[in-house]
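Lettered A, B, C and D in written order, each chain numbered from 1.
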């Protein structure tokens, strides 16, 4: 069983039927089509390029890629897509990141000083907009102490900022991140502190193994669920959605 | 010679070639097509319905009328059309009114108290937007002491408000009215006071005759031009644009 | 997306007494008059309208005695004259008003749709629209503030959210992905601003027909709460690409509206009389309706062919 | 409207040293690379980019040593990785930056286009985007203010106006009424915000062809200062409905860009080497270009047919 597959299945689980989900390239796209093929047939997928609700014949390799446009019920521009976020029409968005802190704040801008960075990263793109304005967000990030850090080099994308109440003071309408899907299990946020804690484990992992890969102290968990291994039908679906394993390899390398 | 024709010709004269003009129903529409057929072939006409730059085969009887859409280079909605005004893309707009004061402020809302009016009029529509945001405007209004009043019942649409500097303080980007075309001649605004004065006379009229039909004292005029009677070619064009005399009768009744 | 199709009767039940409505349309074009007739026949009270140019909706609600309040920018009958019952209702103190420019109304809808507590705009400042309230206190609607960047004065306006938007469009798929041909008026902004959205359409089509021209989709299905298949649902106003306005029928109302008693009889006979939408259209007659049909190359019926 | 057609050489002269540019495009789609190649061959210095997703424009300007400053939201090569010369230029302190979210950039363009001294928006607040300036002082870019109506905190951002917008589109008439098929990225907002607008197009068509689908007109002619007929003007990025991106050619650059010296040679050979647009395309070869052509039913080239 690959970690990719477990992550994609966990991400698909976050999508409820009938919702509007804002989707980026990569694993979230595979997860979205997995959800649509299973428990969420009437989910509406929105992409920052302005493509709404497409029915692509092949997996697209980007949100602006032409094969993604096929069968779309509406195609506009980037402003229109992002305005859906500001309108509160988007229930759920997915995010990736180079760094993440205990409140789920993300850095995809720079490592080192902003004006003279050690590594310049691509920048927010739509991530800040999704994180600010979608009703809720899910972060997808492999565990690791260089990614899960005590203190970000740069806060690109808001999680819960400094904790309860901080998002409202900053004028952000969405509720922020509800899950962080790692390659070992799924983290959530403690309702009182809005800091991260373990919620679900992938088969074979323990909370201590996750903590060892996280650069800050996780809150004590509540009840923890351990996922069962995915069934053959789900894996077959993943294979059909991403036949070349472009985003979701079914075997770890 | 009809007063309609003189007014339409005077209105057409206000349109310069290459400009973008925001046009309403009625006499301004006839004037715009007269200008386009003569000295301003590359004027772009914009209508608040969202129709841009059409080439109608027949005179339309409204800015949202379907025959106006024919040949348009772009069709959008009302927000897009009005946004052109906010963008500063509109050089010139035409306005009509029930009441007008010495500064070119207009009332098309109510006669009497606003909450319990003697006569309820249709309301601003796009007029306030055109008057606020077009680079300049031209008002078309037959002379008369009940129309040209010392004090408006309600200020719907900004002219020069209370005089120099007032538009900037109210956040209005356009320069306001430059002409008021009556059925006796054309009024302008004194550069120092921004109050109305006579600029041009239609054939056979005197400044005193105009003053007699105006309910406030006009500023002393500068140089006054007296228009020549329109030539046969212009009248033929008017007839071709508005064959039924819907908006511009060639003979006074 | 989900199937949004319901019957006209079910859709009418989404408009309760006392609610505020906004309706699509511009001048004599694509006003949702088929729906409105059913609403008037059913009977409602104390409605408010929040409108830009849906003159027929405002007028018929006023004439039916169902209208209490109006937030609006311009209601008049192009080519005829004033909306008589609406205007006289205001003059009689029966309808309270709040005036705006067109852009002012549109921007209030946009602010409501986009969850913005205010939105800056460059018109309305300096006028009685900004300083004379009819329903709201003026400072609740428009203020002139200084830019936090450069200190320049600029008008800001507050959001305005209708309870229900009622829109007639050309076509939609079953999920409510909706298209309209020709000028689109304020439909997208009205649908995005309202809490509940009812769409009536000339045609319900397969999703593939929407997807064949996805740039023309004006209202995505996730905005739509109820979708009703209602051919000639704009009649007697027109539908670009389908049929012209029925100027004769509109004039018949306009003439009746000059007098309150004759107007009341007209409303009773024409709007409350028909048993349903088909009876409403049937009384006009097939020949009359088909004579309005558009020339497909022009999108309208040229004068020489007019009914 | 007026005829806006000029030669590529004339259009390039509209971009002076030291000016700020914004360019159309999204990921590997419709970036104005034909124009950019000519600009790089001609040589400019101290340019600034104000961009949303025109990664190839930013990267090639950086690689050619022509880029000083970048106001932007995200530049990366989807499917490849970082924009190496651009990123390393920042790391070396040669390119100053000002970061935004996509919506933040778009709203600054909208504010500039609409003459608004500020515009409210619901993202960017609470982050280093709002508090860490690279070119501007942070309080010049974003502030959190209280709504004058209800006192709620809301972020406002200031306008940002590029000197020149460079856009590649599908078709235009001679007056510059411009259409693009597929997702339209930020083209309309960029064109409206910039002081000077240059459009290059696959096809110049009769006005009637634009008027046949007037709802698809993205940029009206009065926004356009110069119009250049430049087939394959997006190549090696793609053009929806015309041709796919040339992933092989893009990868060739990406591999070269890993090392400054090999990258400099690539720029010299491929961008400064060709005599003109036709030589630039000719070196790629007709077979290669035609192998990218879209399947008209799909708008792209399906994998089984890919070059």
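FYI, a residue touches a chain if its C-beta (ideal position, glycine included) is under 8 Å from a C-beta of that chain, and two chains touch if they have at least 3 such contacts.
Keep in mind the model is a prediction, meaning the values are calculated, not measured.
Chain geometry summary: the mean Cα position of subunit B and that of subunit D are 40 Å apart.
Separating the centre of subunit A from that of subunit D, both taken as means of CA atoms, is a distance of 28 Å. Shared interface positions of subunit B, i.e. residues touching 2 or more other chains, are given as 69, 75-76, 86, 173.
Contact of a single residue of subunit D with at least two other chains is seen at positions 114-116, 121-122, 152, 154, 215. Chain contact topology: the protein chains form a pattern that is neither a line, a ring, a star nor a complete graph.
Here the chains touching each other pair up as A-C, A-D, B-C, B-D, C-D.
Across the complex, subunit C is touched by residues 18, 20, 42, 44, 52-53, 55, 69, 71-76, 83, 86-89, 173 of subunit A.
Those residues of subunit C lying in contact with subunit A across their complex are 1-2, 113-116, 173, 175, 177, 192, 207-208, 210-211, 214-215, 217, 220-223. Within the complex, the subunit C residues that touch subunit D are 114-122, 140, 143, 145, 147-150, 152, 154, 156, 158, 181, 215-216. In the complex of the two chains, the subunit D residues touching subunit A come out as 26-29, 52-53, 72-76, 78-79, 82-83, 86-88, 90-91, 93, 96-97, 99-104, 106, 110, 121-129, 132, 134, 144, 152-155, 182-189, 238, 240, 244, 294, 298-300, 302-303. On the side of subunit A, the complex with subunit D involves touching residues 25, 48-51, 57-58, 61-67, 69-70, 75-79, 82, 85-86, 105, 109, 114-129, 131-133, 154-158, 161, 166-173.
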